[in-house]
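Note that the chains are named A, B, C and D in the order they appear, and that numbering of residues resets to 1 at the start of each chain.
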């Protein structure tokens, strides 16, 4: 921590502060500048709150943090190495990570019935996806909107898994459902609206299934990494960070602003694998292919794309879903970029475990 | 709903759409404009998603919602009348609402020990507060930061309630704690980070204690009212809306941007009482008095202000807490405005029940 | 400036950097922390760009600024004293500042014809305003919208000034119009869209008339003060800062988000007087009174309020204009708060010069 | 325009409104819904302001625009066809547009001296760029920062043009400099801070050189297209839209948030060519390659990239500049994607004119 004193701070106050910091086991190193005195605090400051330190004296102008507030999620924690998240699925283990081919997750926003989910699973598998996404519990802005078929939908996801061998990714909204979701899901998704639900993070971090952690609508990158830190601190290192669009001043043409610049930023800050969801990120199916192409070119490790056999009739998020036909074509388009950048899977698409 | 067709939309497509809408029990009324055809949908469209309708045809340019998506929280629902939330406390019932005096809630960010919470309660009561706030469970960005003393802190709040007769407002983060929180709290607070935690909203809406619903950091007013709608739809009409600062592009000098303009906007849209929290809203104790003054002048029904006997030593949020002395002075300053605008309490401060 | 080195930065690199900084006439003071080395740069660093320093070595993690980037606008520049801007008007000199009564500026968005502007001037003067606002040149989002009556409108403002003795505030959009605007205006307004038009700032800062500088739609407080610094550095110390609403994620119910929290923040950072424009700040006349009340309670030095004799027929911004009758009533409401806080003018409303 | 009446609006008021609209040459078509009456206005409503209509009656709840507010920039204006902007340069004419290869613009933030600008021009030309960028006039947040070498820098750009045959793109900040900038520039850039400087837009739109219009820091896509409309309405159809990063709630790791999602959105709304500036968009040279790759994969028509022979010593924006060596490598990486998507230039890179 760096403590910047106001102009004219009395020498006696600086001495008093130094003694106070000393009582917190922090050494103070003083720099006397042209106008101001700056105190560098040496010691274990990672968990300290800069605002807290600021309260120590009315003569403190500001307190600047030097240490990053996250540890386990930081790239330095693994000495600069990327981590990989390996997920066993009926078709074999699939690895997410910087040194692995792109992993594609596809499927409908919500699970509607067995025919549609099994059909969708077959289609996205045929096109090259390794995971099926599908919501059983849906966070909806309106209490009157369709809230997902809940537990019964979990059974349908299990059926689709059995029929195709695809891994299943589905959202957990309520810690009370953790067990039943964990029985079906190969990867548990924490949605954007729950990124700051710390109670849920602690509980899901304490179980073993890999986790996709979506970025909150207005979460800074640092807050997002701190949410991941909750998961890692609770014992689960298998976390994938999923960008799904942020909230900005303009949502007239796209529902959110997909922030693809997180790809190089996250790569430099954390070892965790990166996923991009251009479907929620734009909210319009016509913009999804362009953004999926951009994401793979920018170096994402994974894509999550909504596919629905009949978007017009979808119970939720139809406007952002691709038809299976459009998804087939997109996968071909993506393969061109993926091969050019060395991130397309060779056959077979899974790693041996 | 208003469906705007693209320029050149074929007559046959418009006919087809009209039939499709008819199968959804919606009548279509067509307006042929200079360049475009517009279809007005008449029927029960409140719960429909405009994006969903848009998917019905590639010839649809946009779909505009005419109905507000919230019902029970709307001012129209009560035919323009304000509602009041009456909270029984040991000192008598306190009413929150447009036609009642300002209600002041004060206390520390988190409950630290019995001496500090009882002392704070005594001081804020003496200054004129009717409720004590204090966190037992604290949402913290870092998993390594102090998370609140939890259940034991609830006991301390009960002691402070007993000692002073003040009503207690404390935050619920996890539905699993609903029962123990409900035993102590006179009003249950849902924090900004959980405004979109719909599972929690459903459960807290299904119990009887009044609820303070804080606005999410980047929640639109409409989303905030929809979150309140979850509570009302679940059966609890006693909801107070609390603004606590939003996230904008500038947080260098204040932690959040306190959005006081919600006061007249909410007044026109909803019948629910309004609370302003200038402590979280600015994050700096030196800005709190000015914003509290502004809030009462703008017409708030209630204020929530952080007070700590020794902010420098606070375990959380010290920098935004007033000392009891500063709070005493603020209450006097507020009384000047409150009397001028007819919102200051006469003795006694409580309503008969 | 504080230079934070990455973990593991080699000693030799730190030595090399120290020499490089020395060649820039900066002394380096090194603090060896638990994980990282931090270098404090002592010397004339105010005008340096932290990003520039960062480029000096790939081993630099971040560079933190300790000095504020603005000088003449800072409160310290006047040793903590507020400045006052005194504007001569036909009715006498009017002073804007922390230690003066509230100054009210009122009038229509744009000058439409002589009858309406003179009539409006008479009405707002009678209600207690000291300045008439009115646009001759209007920044409009659409090239097809009414752009103001230009030079001829300036003549009408002069007529209103003559008829009432009120000071005139009008916007300058183009440096080419500086002379003709300066002939009529007692205070020149720089609009939000030109806050970052540095060419214009330099030219208007080089003339003598006082200036109202509106905050850019998404300008941080620091950028706003830097724009004021352009004016002061060009030689004109008579600058009033006007908040007019910022751009956030929600503009459904209000056109902008009026940021009243700038009042205490600016008070602590700068000596310049503060003006609040609740008309542009909300964009809806029905929200203006509540926000004007809040502004005076929070301590603003001045208010700018749109008044139009017939808002329905206004050529621009009708929806945010008060009628003269509503403005009369608002002035009475404001006087209650103003008297309570000691900021209401006694008769006469002007200072002797 | 669609006028939505409040619940309970009296029949007589609706009749009165209909008559008022009729006096504005607008036909009213009434739709009687379940709760509300909606009036569709048929006629020439493009230039009308919805807020203005709203003022016509207190019984109007909202007014919804059906027409887009921009005409000449809309894709419909060219019946769905993309436009191309052809720029003559000494090396031949270069075409920007959807059906042309990617055009690369490169060079330093500001022109420092002849040796550096000619050297940079040679290097970026050798790597495949067709235009040299370089600032003579620089918009700087601080009045004390380097403001560009001004007119003398224009002479240096002319020398670089002569030496290499590259086209020149440079920023115009002040209409007073239009002539001297126009003598050297092949394309005139309007910077983000001047996107809303309508006086400047009118003047630059009235001359013949092609224009790059950067998006304002917090300009919506619609506002950006309206700014372009100013240029087209003033007579200049040769406009290229350049995204350079927007302002959001997070700027800790990147200076702005590069909004790549504008690529598919602009493609659907306008016929104008698209340029992406990942250098300003991220503010960090290490993130530029990833975002440039993403931009070409997403379908941009052009890239603007900062290159400086010695970024550490740059007078401005060093931290976001690539070295010539890194730029060489980036062009090779881009060519892989460009060839895969059919947007890379074959030899020769120019079109015949």
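We take it that a residue touches a chain if its C-beta (ideal position, glycine included) is under 8 Å from a C-beta of that chain, and two chains touch if they have at least 3 such contacts.
Chain identities (UniProt): A, B, C, D = 3-deoxy-7-phosphoheptulonate synthase.
Small disclaimer: the values here were computed from a predicted structure and weren't measured.
Colleague: From subunit A, count the fewest steps through touching chains until subunit C is reached.
Modeller: Minimum number of steps from subunit A to subunit C: 1.
Colleague: Can you tell me which chain lies farthest from subunit A, using the average of the Cα atoms as each chain's centre?
Modeller: So the chain farthest away from subunit A turns out to be C.
Colleague: Weigh B-D against A-B on C-beta contact pairs and write down the one with more.
Modeller: By the number of C-beta pairs in contact, the winner is A-B.
Colleague: What's the distance between the Cα centroids of subunit B and subunit C, rounded to whole Å?
Modeller: About 31 Å separates the centre of subunit B from that of subunit C.
Colleague: In whole angstrom, what separates the CA-based centres of subunit A and subunit B?
Modeller: One centre to the other, that is 28 Å.
Colleague: State, to the nearest whole Å, the distance from the C-alpha centre of subunit B to the C-alpha centre of subunit D.
Modeller: So the centroids are 40 Å from each other.
Colleague: At which residue positions does subunit C touch at least two other chains?
Modeller: In subunit C, 218, 247-249 touch at least two other chains.
Colleague: Within their complex, state which residues of subunit B touch subunit C.
Modeller: Counting only subunit B, the residues touching subunit C are 218, 220-222, 246, 248-250, 252-254, 257-261, 263-265, 267-269, 281-282, 286-287, 290-291, 293-299, 336-337, 339-341.
Colleague: In their shared complex, at which residues does subunit D touch subunit C?
Modeller: These residues of subunit D touch subunit C: 46-47, 49, 51-52, 54-56, 69-70, 139-145, 147, 173-176, 193-194, 196-200, 202, 217-218, 223, 226, 229-230, 233-234, 247, 255, 283, 311-312, 314, 316-320.
Colleague: Per the contact definition, I'd like the list of subunit C residues that touch subunit A in the complex.
Modeller: Residues 2, 4, 7, 29, 31-36, 38, 40, 42-44, 64, 66-67, 76, 218, 247-249, 251.
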